[in-house]
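Shared between the two complexes below is chain A, which pairs with chain B and chain C, respectively.
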Partner chain A sequence: MGSRASRLLREEEIEEIKKETGFSHSQITRLYSRFTSLDKGENGTLSREDFQRIPELAINPLGDRIINAFFPEGYFVLVIFREDQVNFRGFMRTLAHFRPIEDNEKNKNPATEPLNSRTNKLLFAFRLYDLDRDDKISRDELLQVLRMMVGVNISDEQLGSIADRTIQEADTNGDSCISFNEFIKVLEKVDVEQKMSIRFLH
Partner chain B sequence: SGELSEMDDFWAGALWALKIWLYLVIILIMIPSMFGFSLGISEIYMTILVKTLEWATLNIQKANSDEGTLKPSSSNGLIQRENGSMEKELEELRRSRPKPPVGGDFTLSDCFYFTRQGIESIVDDEVTQRFTSEELVSWNLLTRTNNDFQYISLKLTLVYGLGIIVRYCILAPLRITLTIIGVSWLVIGTSAVGLLPNWRIKFWLSELVHVMCYRICARGLSATIRYHNRENKPKKGGICVANHTSPIDIVILCTDGCYAMVGQVHGGLMGIIQRAMVRSCPHVWFERSEMKDRHLVTKRLKDHVNDKKKLPILIFPEGTCINNTSVMMFKKGSFEIGTTIYPVAIKYDPKFGDAFWNSSKHSMVSYLLRMMTSWALVCNVWYLPAMHQQEGEDAVQFANRVKSAIAHQGGLVDLQWDGGLKRAKVKETFKEQQQKKYSNMVVRDDSSSNSD
Partner chain C sequence: MLRCGYALFWLLESVLLICVVSSVKGEAVVTREGSNITGIPIISFKWHHVETPYLVAFWVLVSFLGKLVIEANHHVTSVIPESALLICFGFILGGMIWAADKVQTFRLTPTVFFFYLLPQVILDAGYHMPNKLFFTNLGGILVHAVIGTCWNAASLGLSLWGCQMGGAMGDLDIGLLQYLLFGSLMAAVDPVAVIAVFEQVHVNDVLFIMVFGESLLNDGVTVVLFNVFDAFVSLGGPKIDAAEIIKGIVSFFVVAFGGSLVGLVFGLLISLLTRCTKNIQIIEPGFIFVLGYLSYLTAEMLSLSAILSIVFCGMCCQKYINANMDENSVQTVRYAMKAFANGSETIIFVFLGISAIDKVIWVWNTGFILLTLLFVLVYRFIGVFFLTWILNRYRLVPLEFVDQVIMSYGGLRGAVAYGLAVMLDENKIKEKNLMVCTTLIVVYFTVILQGITMKPLVMWLKVKRAAVTEVSLLEKLTNKMFNHTLVAIEDISGQIGHNYMRSKWKYFEENWMSWILMKPSARKKQDQVFDVFHQLNLKDAMEYVTEGERRGSLEFVRNENSIIDFKKKSESESFDINNANMSNDHGAIRDPIPSVSLEMHEQIMKAVREAEAINAHHLLDQHLYKSRKQHRHRFSRSHFDINRDEKEVQEIFQRTMRNRMKSFTSAKMGVKPPKTIVKHTQKEQQQKPMKILSRSFLGSEGDSASGYDQSYMRATYRAGAGIENPAFMPDLDPMDLLQIPPWLGESELDSSMVALSHRAQVDLPRTPSNLRRLAPLRISTRSTASFTLENIPDTQHACVFPQNCN
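Now for the complex of A and B:
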């Protein structure tokens, strides 16, 4: 007899995750079920291969970047590296960005914004571009993401001019890069709350 | 010497009990099943079982509503997916800014579309769930399906304990006995029939032997099968295609008709069975090396169907076992032969036992033992009207049409994904398709007539 969860989730952990992410009790247990079903190694963590086993994610042009977002960064003697395993807390923390924004959360203390605030959703998207985490999207970084999305179907020159134009439109301080504030400004009219949210069922 | 005679008595007694047991099994179960009628023992068992499971479900539901915990129904997904097309979603994302006059339409928010799709697929995707057993709505008193159902009441636990005793100590030995008898009879019977010269009676006897063995094996699994639309049963010279959940599918179908099997030559016990079967009537067994040669496979299948005296071929076009909640891509090989296709839909009731063979988790032997310690095997079989390839339809389209018909009848989800994704990686071409689609939205392609 093998139980589905290699280790059952304790009530205290569920409460902690609830406070940190805002998911409900039943959502957390069901997401834990999903987490363990993806965890083929049954060691309580997910590796990149575990994510890539999902066919719909493997064929997503930004699949690799999205997977990256789950893996926390660590510091090791001033060098930033990415860990290669994510535990359930980390999994939930990343998914929490995609919870819809509820009205009663908007008035919370702005110093501790919930993970699913508009700003944090935009930060998630910003970090998809900003690979080296220097808080700026350079021309190269923008080109990399563009190339991932269009594949081989657009020429280098055309892609380059698209990148140049995008930076030109967004860049207000003239450093030929897009900072996070400039990113927010460009997208201020976009319905981020809806487009970067997933309808979780209760 | 007193002790010795006691030991002798013990063994004599045990042997006597075993003989009685065998006679009872043969008379009460095997012989009726061989000739296709029943003494009603299985029916009584099923009635008791159904009532018990209903009672258990009611108890669990009552306990849950008392506690106030609403058990989330697993038939609702975790999320409600956004089903807009790429075009629609990107248009909405770009609405807030005017379209640039020249040189490509791109906004920084374009990535939102792919991001959301990606995260949705991480939470809930259509494919990975098909390779593990279906989740039950309510616990069916088997240890193996007890995921997070907690202690409910003493009565329920007692029934559960009683169930374990019944299943492991009474049902399992009974079923194992029947299966051994069934398989042995298959080998002996088909070899015996194979010795006869090719008169008409040989074919008739061969069919009889095959059907009897499968019936015994079906009894060996407490199988309750309901056949629908038997007027559409596959005929000679055609190919029967069905959705695949487990090796037991073969027993289910062959209890009601005779088919020619297709498959790889195995060694060991399977090999013995295969060689015996082929003595009494033609099946199509391939060597492993031959299976890679598609033309050879097609030719042999064509030769078989063109010989109108040979039995209809049974093929499972998915190529692998799926968990009976969906039908996955049908491989086009069978649909290129050019003969009549007889589709069959098989749907198991998971309440009585999980029929799905998860080959990465369980070996064949371990799987069969699990089957024999389940409550029962209940399934519905629908024979669908014969289908032919139509004008202007290629093999892939034909395969998809048949697949949809089977999925629709069996109440299964119709998926385009390949069952081979259980083990293999998805092809790059699907990603490339998405990239091409997106590129068309960036550079509105006036020159789309030019080839890439």
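Now for the complex of A and C:
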């Protein structure tokens, strides 16, 4: 199935990705063939348009944001921008967040947490809210996400009050923004490991 | 209430009439035969003349009246499923007839059931089957249908035999083979009963399709098992050797696949036929019913599985019929099918009830009956849990515990089992009446008792599993976000829906089958449908922008929060009330209330806050979009449009496209350097309709984004390049100026798209007329856009729609 690939995956690469992300060999090759089937330009990287071509994402309220999350950031003269292309490594790195947590990984040193640890999963979710990367979810950012996820029958005032209320409930230090720690605290009872995990096919 | 009073009264009258009539029957025969005409009769009572059709019509009427009475009160039907009530109604009727006639003159006979009542129910099921869902879960469904049914049959038969050996059932003359035969007819989960009950208990897609699919496909197994064991019973014990057993297994494959094949052939036949029936649209629907019925009968004739045949016939032809036939015909087919299916179901259940009141068949053996009930239930649970445990290791989305319980509990037996039981040969099987009786009791138990308790059970389980603690708004929102994220990642990583086989099939289907089976105009229309969708989308976006223009400021545009405003439909009532409440409360606070003490004020504020809190939670609950993982009620016997999903999906889709358009166009004018042109051929410029979304939406990922990048060619016009007079713009092809978002695969120009923007041009207040004349096709005239560039370098819409800013 990988016969369409213009570039085959080398063993060393597979090993590296395996170490970095924790996927198994067969999962990596399977995801690579998916990667190449998405890559229309056949240049070994995916652009935003390649993602947007997946039709189901168009009917997912958070589709475009999640596409965004795949593209790594870069810094360029004090301006944060996102690159337009993601290579296979980056693709896998993002997907790695969604691996289920296995028991033998739980006791790792927190400094070198695997990509699919609870904290990293929560960080991924946090970043879906926090577009400008200031580590705070402001009212506007919350409003944007709310607007995306809610039907058209809610007026803006109502949405605004929902956003206010949300921040009110979660904000503990009174800065009317939700920081990452406050975010973690709110979600401490949620089974993030299960809700943010997919079992990847072997 | 008055109305059902009348109905009941009328009903009683009719039943009494029938009893009178049947007793009159006897006399009428005698007098007719022997009489000589002595004078010309003015009126004569010709009962025999009309007996059969009259009775048929009469019973149909009675059943429907029964349904009328039952459905009169919604409170009752929400607790007790309709099927149970119909059976009870049948009991009453049976009792009345029994009282009048002392013998049960009406019964559900196998012939009537299998040939006249069952086919339309199954055809309806097949025709409205969600194909994609079905085939995605086909593995699980097959495992449950085949292995589950075999397990049920074997375990039931063997256990009962074991119990007889152990003496728990007294003195019965049933051999092991007969037990196995009994087991095989008891094992099958019944589609009619399943639909009837699951209609009320809203379960999620996957669960529904598993149980429903299983109930349809297990007919293949049931037919084989029944015939095989029937043959074994006839042959007798000693004659069974390995050869016979092997023949049995082979016959399973032949029956199952043969039946499906017959169905497929008929389905293709229907599709081909509808391609040519343009001139006889009025009886087009008739073809479907007739051919569907013929597929059933053909399979039955070849001793293949008739249910499988008609199911696959319906599943195969859905798509092509809907494409080929006229809109009215499609509606007619849908409606008629539902009407027939519903009607048949009603009659089946009523007669199931009536058949019970018959002294002939009642043979009571406590041990047998109770043990059967017990085993049926227990083995169903064991079977489902075991098989699901195995399946879950290969499934991406494992079936949860609650779902498994519902699946086990939802294994209802119904009329099919009864029909098979009545078909038993009483010469070979001495205890046939006992078996019939037991079957009836099991059917009643499952349909009535399990039907009634299903809903409360589900509620109880769900409540138990849901967290009782109060969930904060952020948690709710983030949970929802997790759902959506997971669905998106599944789609991106190709876990669900992307499959080598599936894309191959899609390719084959699109290029070969659609060619043969769909009318050429229908094929084009399919694309056009999405074209229209897309055009609507663009049109919306353009209206939105002209709206902004009219308001004179672009705050409107920049303010993301007001994006949806123009799409807002008229507000619902609750909405109004909410609004009113909130504004009232706010008003109360804002107005100065010097006379009210501070305490009161505090309380009011608290109440307001709580009201807001409740409002907020409530609003969020009501309006958050559902994700794919959630419970969606898709299949209903009696209702058509239960899919709120489509509206939601449309909203999300339009919004996404709008946003993409914006970001895309902003990218054009923004910071990004022009991209390389990938593929750009001259001739593509001349092509006509834009097959835009149809391709991408229908998921044919084989299209390359060919000419889109030519628009990038012009990206070199940078912001602030100065006001350029469009009159002096080099004569560009309209293609080049058209900003085609890259995800819209093809690069073809849609003439109507052009026309739209022309209209938009006309609408805009300040477009100088010579501009219009000069470049009627210049939609996203970069030229005019450049006017605005100085003012709004980063505005999204600027370069797509020509406009002027003040």
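Points to keep in mind about this one:
As a working rule, the second predicted complex is superposed on the first by the 198 of 202 C-alpha atoms of A that agree within 3 Å, B and C clash if a C-alpha of one lies under 4 Å from a C-alpha of the other, contacts with A are read in each partner's own complex, and residues count from 1 in each chain.
Heads up, the rule we're going with is that a residue touches a chain if its C-beta (ideal position, glycine included) is under 8 Å from a C-beta of that chain, and two chains touch if they have at least 3 such contacts.
Here the structure is a predicted model, which is why all the values come from computation and not from measurement.
Of the two partner chains, chain B and chain C are each touched by A:Phe98. Of the two partner chains placed around the shared chain by superposition, chain C is the only one that A:Leu143 touches, whereas chain B remains out of contact. Of the two partner chains, chain C is the only one that A:Gly41 touches; chain B does not reach it. By the touch criterion defined above, A:Ala58 reaches both chain B and chain C.
When the two structures are aligned on the shared chain, A:Asp156 is found in touch with chain C, with no touch to chain B.
Looking at the shared chain after the overlay, A:Thr29 reaches chain B, while chain C stays out of its contact range. Common to the chain B and chain C interfaces on chain A are residues 1, 31, 34, 37-38, 51-63, 66, 95, 98, 124-125, 128, 145-146, 149-154, 158, 161-162, 165-166, 170, 178, 183, 186-187, 189-190, 192, 195-196, 198-201.
Taken together, the chain B residues at the contact with chain A in this complex read 70, 72, 76-82, 89, 92-93, 96-97, 100, 103-104, 106-129, 132, 143-144, 146-148, 417, 421, 425-426, 430-432, 434-436, 438-440, 442-443, 452.
Every residue of chain A that touches chain C in the complex is listed here, in rising order: 1, 31, 34, 37-38, 40-41, 49, 51-64, 66, 70, 81, 84, 95, 98, 124-125, 128, 143-162, 165-166, 169-170, 178, 183, 186-187, 189-190, 192, 195-196, 198-201. Within the complex formed with chain B, the chain A residues making contact are 1-5, 8, 26-27, 29-31, 33-34, 37-38, 51-63, 66, 95, 98, 124-125, 128-129, 145-146, 149-154, 158, 161-162, 165-166, 170, 178, 183, 186-187, 189-192, 195-202.
If you check the complex, the residues on chain C that touch chain A are 396, 398, 467, 469, 472-475, 477-495, 497-498, 500, 560-565, 567-569, 571-572, 575, 578-579, 582, 612-613, 615-616, 619-620, 623-625, 627, 648-649, 651-653, 655-657, 659-660, 663, 671-672, 678, 696-699, 701, 704-705, 742-743, 745.
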